[in-house]
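Please go over the structures that come below.
You will see two complexes here that share subunit A, one where it goes with subunit B and one where it goes with subunit C.
Moving on to the complex of A and B:
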């Protein structure tokens, strides 16, 4: 792989800058190697080490190895503190690869595979500032908030710096069941419980509007997910993710993700995606959702 | 219009040369690795906004014609977490930049390297993944 600062790319860039300086009389400083301040996670994170800290449009630092190897923090009731903040730990560019499956291993029904293959990345709903849905995680920080009332654990909230788009993913921890025939939503209806040190969340009631990844892997409103979160040390949050969707998958499948903790001094920041979203203008893309709205663009075949 | 813009770029050294980059999908959706550009100009506006920071740089060619470049950076949060502040990029500052032009609109570019008025390389968050 060639890079902008690799043997060929670096020569080109330096030559170009040399010409610029000669013709324009400019005093451009050819950057010396930038010292990498801290390790981080970036979007399209195929950034070579000599460009880390310099490139990557979205970038989030992670805890040092020494901190990450520390013990699992716990709350006053002995439960693991899952608060983070975290980065990663879900699907993003390719749910099969991100979740540890081999190419083609996700058991998509033919119509769903065809749709994924036809979808174009420029039409990804997320690019238009919609919520990410589950189990997607972009390269921004997110955290789990374990809320209590006088009666004990009441709710758990998932807060994503970028990707909630005004929604609030809440998990009911009070023992209630799912409602009958819930209104489909971006994050669905979630109920949770503890299984020892693992947090288990069962979710139904998803809409079919979000993509699992930028490839366009689809799902239907029959989507049912079971998440099992565990924190083996300070720096790691593992997710065993069971994906069931009889409308789009021939059988349930399990994927595995792992999130990394940010350094302890980091917090979530405000991110209002729609305030100045100019996506599409530079590249000449049109928002196809303006008239038809978000959602599956094909009829789901009747099940046999 | 395109010809004029290329003239601006040529005046500062290059136009439409091939840069051997391997870009990720997000980059190629909007920007063209075959359109590397470089110039020096004056920042007219800095937007610490989401989902991307933007700086607008007015570049004057040898004929006195001014072109305003809309340069996309990373998100404000990514830039801030790397230690950069509003004091580092201000309207009125003179900066040099290299960037890659938009696939459809050349002057809507993604910044690669920015050199600040005081000579420091702005390494906060620029946007060309390899």
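Moving on to the complex of A and C:
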């Protein structure tokens, strides 16, 4: 049972999560936010000022420094154990800043920058219990599960505690290629391989429906991502993230994220977004996607 | 090819197979669906059963009583039977993208067992479903149940191996999910013990004992069978909350909107 951040005990944390989690990305972008990564937090998982100096995000603890400095755990075949659980390690409120770029450095095409500026946080699709997509991470735990059969690595799954309706992401590790014309999906079609101790995941076939961050940075179905994960010690999962989208970016760009491990005794908890989601569905907030569905609100200008 | 969900009330009992003809199977050959049952149960290097596969079925769909031996009836207490008779299919919580719980979630769409780490040393076992993209977590590390678990849709599950049978013991369920389209209810006293046995390559048998003194006069045991899906079939992406024409997006009255699920 995760330790409560408040004076009460575990049951309150679960209830708190049920309500606060439904506010998800919106709650953490309102109010004063610390933008500089702080110890034990990692990128993409911001905290409010009263948590400065404390480990973890407002809702998720991280491993102590002594535990985090420990060696990288390994699986039976010698590969790094990337299980976690982790917190952070992706974009949250601003993919440009969360990914280590300077303001304006993300090479968005004019239509994409314009759309980002017009979008409102309250309309982020993930608040309506749809998947976060890639590389979005809210400040709640997630896991990488490395599956094996008798013949070796078969699949890798990303499990999120919340924010995406319990959705899991699937990575094929058996050497298959991408399909010629994948049906666009929220998580795309992912194929992965090991490059020494680094896990490399190549993904195409994304739809254009999720936002990269609560600010609304858009992408198109031409999105192609390459993730390179490495775990230098127990407590750290680094992600070198190549973002390529000729429909929305003028050139590919490299971002860097870093996730932090939870204490070893922590597990993912159940979260069911569709139940009692006070934001949107159950709360009577205007769901702009009811009529028009998800997806880019504008026509993507033809590229030269 | 893709199974688009148009209306939640027309759940398929078996998904359409992605491809009709033989396709190269990951194991390294072409294996027609029909012949897979004649292959032996696969094992890991350490001799433990390999539960890996794309499974279909293994749970109730229309009526949980389908898992009973012929001639047996569900030993429902009178209030439970009355509630079941009163419930109507459009009120099924899963129409509103809420979980189906245990053991129903295994009934309609493909799913997988995913142990972590490798099978014999597993500390966790995840059960991943295509439908609703839920997952369930089973603790395999020998921990006992907690004293007073917060009620959840999938409960608190601990598991272990008894020879070649995977045993999963679960408590801590909420009373919110329906066991079937008929609306068979249960209470928070529910205690479920599942026994999964892969008898050959393509067949996974489930013997599940239900013990809920709040809704039933005695424990009872059901049997279901999961079959391996066609070679090359994968779990596909399925996002219930997107374009759910029943309930959420379709403007159908949602009986759970104002109050917690009954």
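The rule is simple: the second predicted complex is superposed on the first by the 238 of 304 C-alpha atoms of A that agree within 3 Å, B and C clash if a C-alpha of one lies under 4 Å from a C-alpha of the other, contacts with A are read in each partner's own complex, and residues count from 1 in each chain.
FYI, a contact is a pair of C-beta atoms (placed from the backbone, for glycine too) under 8 Å apart; a residue touches a chain by one contact, two chains touch by 3 or more.
Just so we're clear, the structure is a prediction, and the values are computed from it rather than from any experiment.
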Subunit B versus subunit C as contact partner of A:129, first or second or both or neither: both
Touched partner set for A:146, first subunit B, second subunit C, both or neither: second
First, second, both or neither for A:272, with subunit B first and subunit C second: both
Touching partner for A:174 - first (subunit B), second (subunit C), both, neither: second
Of subunit B and subunit C, the chain that contacts the larger number of subunit A residues: B
First (subunit B), second (subunit C), both or neither touched by A:83: second
Subunit B versus subunit C as contact partner of A:60, first or second or both or neither: first
Intersection of the subunit A residues that touch subunit B with those that touch subunit C: 1, 129, 272-273, 275-276, 281-282
Complex contacts: residues of subunit B adjacent to subunit A: 11-14, 17-22, 24-27, 29-31, 36, 38-40, 47, 49-52, 54, 70, 72-75, 77-78, 80-83, 96, 98, 102-105, 108-110, 112-113, 115, 119-121, 123, 125-130
Contact footprint of subunit C on subunit A as seen in their complex: 1, 10-11, 14, 75-76, 81, 83, 128-131, 145-151, 154-155, 157, 159, 164-168, 170, 172, 174, 183, 185-187, 209, 267-268, 270, 272-276, 281-282, 289-290, 293-294
Complex contact set, residues of subunit C against subunit A: 2, 26-27, 42-45, 50, 52, 96-99, 114-119, 121, 124, 126, 128, 132-135, 137, 139, 146, 150, 152-154, 176, 234-235, 237, 239-243, 248-249, 251, 256-257, 260-261
Residues of subunit A touching subunit B in the complex: 1-4, 6, 8-9, 12-13, 16-17, 19-24, 26-29, 31, 34, 37, 42-48, 51, 53-61, 93, 121-122, 129, 140, 161-162, 214, 266, 269, 271-273, 275-285
